[in-house]
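In what comes next, subunit A is part of two complexes: it sits with subunit B in the first one and with subunit C in the second one.
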Partner chain A sequence: MANMQKMIRNKRKITSSTTPLQDICYRFSRNKTAMVGLFTLIIIVLAAIFADAISDYDRLAIAVNASEIFQEPSGKHWFGTDFLGRDVFARVVFGARYSLSFGVGCTLISVTGGCLIGATAAYAGGVIDNIIMRTLDSIMCIPPILLTLSLVSVLGTGLESIMIAISLGSIPGFARIVRSVVLTVVQMEYIEAAKAGGVSTFRTIVFHVLPNAIGTIMVNATMSIAGLIIASAALSFIGMGIQPPAPEWGAMLSESTIYMRTYPYLVIFPGLAIVITALSFNLVGDGLAEALDPRMRD
Partner chain B sequence: MNKENPILEIRNLEVIYQSRKRESKAVNKINLVLNRKETLGLVGETGAGKTTTALSILRLLPERTARILGGQILFDNKSILEIGEKEMQAIRGERISMIFQDPMTSLNPVVPIGEQIKEALVLHNSSGRSKKEIDDRTDEILSLVGINPERKSQYPHEFSGGMKQRVVIAMALACSPELLIADEPTTALDVTIQAQVLEMMEDLKQRFQMSMIIITHDLGIVAKTCDKVAVMYAGEIIEFGTFENFFCQDNRHHPYTVGLFGSIPKIDTDEERLHPIDGLMPDPTNLPSGCKFHPRCPKCMEICKTSLPNDTVIDGHMIKCHLFVEVVE
Partner chain C sequence: MYKYIARRLLSIIPILLLTIFIVFVILESTPGDPAMIILGRDASPDALNALREELGFNKPMLLRYLDYVQGIFTRFDFGESYRSKQPVFDNILVQFPTTLKLAIFSVIVASIVGIPLGIVSAVRQYSLTDVALTVSALFLASIPGFWLSLLLVLFFSLLLGVLPSTGIDSWKNYILPVATLALPSAAILMRITRAQMMEVWKQDYIRTARAKGANEWRVITKHAIKNALMPVITIVGMSFAGLLGGTVIVELIFGMPGLGNLIISAIKLKDIPIVMAGTIFLSTLFMLIMLLVDLLYAFIDPRTKSQFKR
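And then the complex of A and B:
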């Protein structure tokens, strides 16, 4: 971490010109809490990617092992074992795959959808804008968990359908943000200047409006990953998400609630995993927001 | 001057802004002629319709609210209010360029300045320049406006206000336009930088042989740069004439112009107070009857309150005021 800071500082000295990206990285790297979040996140991502090297899916995370049920955390089973003798540590590590792909995947879907809808509304204006935004408003009136549940019961409990069900609920929020950002950027004088230079509407949107709006959109996307991870865990907790025996964190919590009083570690570890992942995404999001804020420039 | 072939001619242009049920009359039937290689100063208070006129020429009025009710704009004898959007895009930036008021906000903050200058060149590459030639041209135009071409990979926030205005000017000049519209190009700059920028613009105008419209409310800038002057008030051109008409022998002026000159503090006389023109610009949704200036005019007559004066032209010097009607007759 300190090394990275040093590198960036040196780079600032060598090149007289810093790109906004370098500037943002520099400011981000000086934000300690954000760096902690990023560091934790990197560990979680690495664990998810190399889960097979860390542990064994078939033998430890899935297979029932009657001789080793309810073992306390030890050198052999770091997080103990559950009521079927499965290694909780292995399940938490493999569970990261589900949670991360839910968080990132759902966010990608809702950001893309939100960008398209929001930008269209902002650009079209008038009646079209009104129709789109009022429709989104009415979708936002439905409690998200209810919307997701009804979508899941229609689409089924596969990975993709759960992703779509969760994302649909968060598209309206993104569309609103994107619409307001685009409306602000479009009013800027440099957009008018670009038009005065003979730039076409499409090119104006792609080269002048989007790069200026991307910061706000990215911050909101990062922050929403945490929320969506929790939403997917909640869905599994009530049994409508990823189905057992797959090691999803929410599902693990759900299975273990009945043993909670006698074997608290069964809920502590998956719970901690959810909290820590969500927290680090939020920290990174906060750091990004601060790094992107022009008032923080020095 | 060849009077036969003006670069820009505005005839009876009328623009309104509509919001809900209110209509703001921003530009009311103005006429303007600008010959090649001439500089026209468009002077007037805030809200007189100067910027609206400029945006109409580029067809960049806000679509949702502004409407051109009537009139013609002829650019190089072509009516640009009638041509298609594609054709207009080809004219914008290549043949007519505009410099916007505030250099701080008219540059895209996330694109290096070299790229921004290059954009116009790439888009209007009718002569088929190669990549290398476009890069060379970018360097050339940057050195013309007094910026080291090595700084072209830098971002707008790394430049000072005066330097940014130079970048904006470089962007506007990249394609050697025939007409440059400068909307208060120096308002956001401090006085020393103002002088530098004006000098540079004058120099570049000679070099590129372009025509220029300078929108300003600073008569000092007009005196320094313009061949012709048009004074706007409440969406009308109330006085139009040559530089000489305004700044030399001629004593006939519209009372509003007299007021404008009177409000400039004089350095050689000992004055306690400034002499502003009394009153405020009329509400464009509710313009006064007759001459628009009559409620503020020190020489207001009965006739001014009811009838709109015609344009009185004396040797090419146009004044829209009842005071001068008899002079001609």
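And then the complex of A and C:
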């Protein structure tokens, strides 16, 4: 990928009119694997939004249909039907809603929390910085899955509770990244120039520090979505997340394990859905990282 | 150097206390009355009150935390299980070896697979091999562990019938769980080794070695690997520390009597002392391993080492 980019870059006429954003978009669009990821992702998002038009939630994804149990994949049921006669394709399509909201929702919570905490630590410095950082260190010592499980047992298995339980574990990581990015940016000469020019601290943070830190934060956020989607599916898989009748991919896998010897397709399709979604987020994240890398800039 | 080690050792004490505090506060807020869990639903109010008194549940949380910490540090007392009334620490010691074995085998397999592939990938940069390896590493990072283990069970246990899917009776039982845990770690190790090798590959001393007529093999083994693998050691240590706490789901799927399985069943039974002790135990191990990795790194890297001699 990257050597191809290099070749293309040499051929490309660089005009003075391109903005950094155009530059990043251009470099991203030349990255084939990243574009494949983005394309797949758009399809998944569209499927989640228009799930009702693609399939029927009440009739196919939820209703028990005793006459159609364990049908192999066919033209009528693309992914077959499960032990209650529910259409697996319909369930996978509606499941995208859960996974996307978990992935994006949890990332938003962790990034917001991480930005607030990290920026506070970096700007406050001294004792406050020390206390915040040691607390984050402590949280990071707790195995993420155990932290999530403990929080779920306190908060319950509602959608919001699960989201919070999963997000809390990844806040420290983001806070550390944001803190270190802010600390480096703050030392830059243009920040000194802004200060010397009499710009207020708030304005400095919002207009000068954050825009220069946003690239790193965005790359890390995109990369973390995949991990959080997997974490939420894992939680449902062990029965501590979204509960069974709901078409969540992890919960579907958990329900199907006892039938997998005879009907392996029941564990193949929901799993593939998780892998494809996670992989596309990872590909896009990878592409973003490459496109935003200042060393790749011409 | 000794001063550095002593300082690092002292610095983990507050973090350890804080970690215990966080776990304690979270789990103490779990809904449900411990006295009711122990005595059952139809216990008399007097008996419940007496038990609460005995267990200290009518004291403020901070005092209970101090008692708990004192118990841990003075006599390894993590409390008693609500269900079996056995000391929790004994329970942990019985179940821990399985988890430890899983983590050790996995980190060894991951290193044997991941590091050489990373080196190959970097040396053959942008070749077909490199692209294939990089893409498969990204693919492996996107596979949920629990699904990977289901696929492995499906293929090796149910379809071919060559490997057992549950239990810990023989070494064969460890193959599938270790494969599940090792593959994603191998992918991470590969990516990092590749990045490190590529960084080193650009250094002047590599060009010097080449200019002096060293052949490619010698450049890789004598000059590049030694420098590139330094940070990789940290990642191996981190993977090991992460694996110790990350075997939970794999233990559950493969029915292995490890710490993860113990904690999950305790969570479902609301047996809080076991959950608390297990989580604290694994967090402490994580902390100690990371400290050890740090110290080891300072010890083997001549650049860091020289800083402390001054």
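As a working rule, the second predicted complex is superposed on the first by the 282 of 298 C-alpha atoms of A that agree within 3 Å, B and C clash if a C-alpha of one lies under 4 Å from a C-alpha of the other, contacts with A are read in each partner's own complex, and residues count from 1 in each chain.
The rule is simple: contacts are C-beta pairs under 8 Å (C-beta built on N, C-alpha and C of every residue); 3 or more make two chains touch, one makes a residue touch a chain.
These numbers come from a predicted model, not from an experiment.
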Between subunit B and subunit C, more extensive residue contact with subunit A:
C
Counting only touches as set out at the top, which of subunit B and subunit C does A:Ile128 meet: first, second, both, neither?
neither
Determine, under the contact definition given at the top, whether A:Ile49 touches first (subunit B), second (subunit C), both, or neither.
neither
Subunit B versus subunit C as contact partner of A:Pro264, first or second or both or neither
second
Using the touch definition from the top, say if A:Pro20 reaches subunit B (first), subunit C (second), both or neither.
first
Name the contact category of A:Ile274: first (subunit B only), second (subunit C only), both, or neither.
second
The answer for subunit C against subunit A in the complex is residues 14-15, 18-19, 21-23, 26-27, 29-31, 126, 131, 135, 138-139, 141-147, 150-151, 153-154, 158, 242, 244-246, 248-249, 252, 263-264, 267, 270, 275, 278-279, 282-284, 286-287, 290
Residues of subunit A defined as touching subunit B within the complex:
16-20, 125-126, 188-190, 192-200, 203, 207-208, 211-212, 297
Residues on subunit A engaged by subunit C in the complex (per definition of touch)
1-3, 33, 134-135, 137-139, 141-147, 149-151, 153-154, 226, 230, 233-234, 237-238, 240, 250, 253, 257, 260-261, 264, 267, 271, 274-275, 278-279, 282-283, 286
Which residues of subunit B touch subunit A in their complex?
58, 60, 64, 89-94, 97-98, 100-102, 105-112, 119-120, 123-124, 151, 153-155, 157-158, 168, 171-172
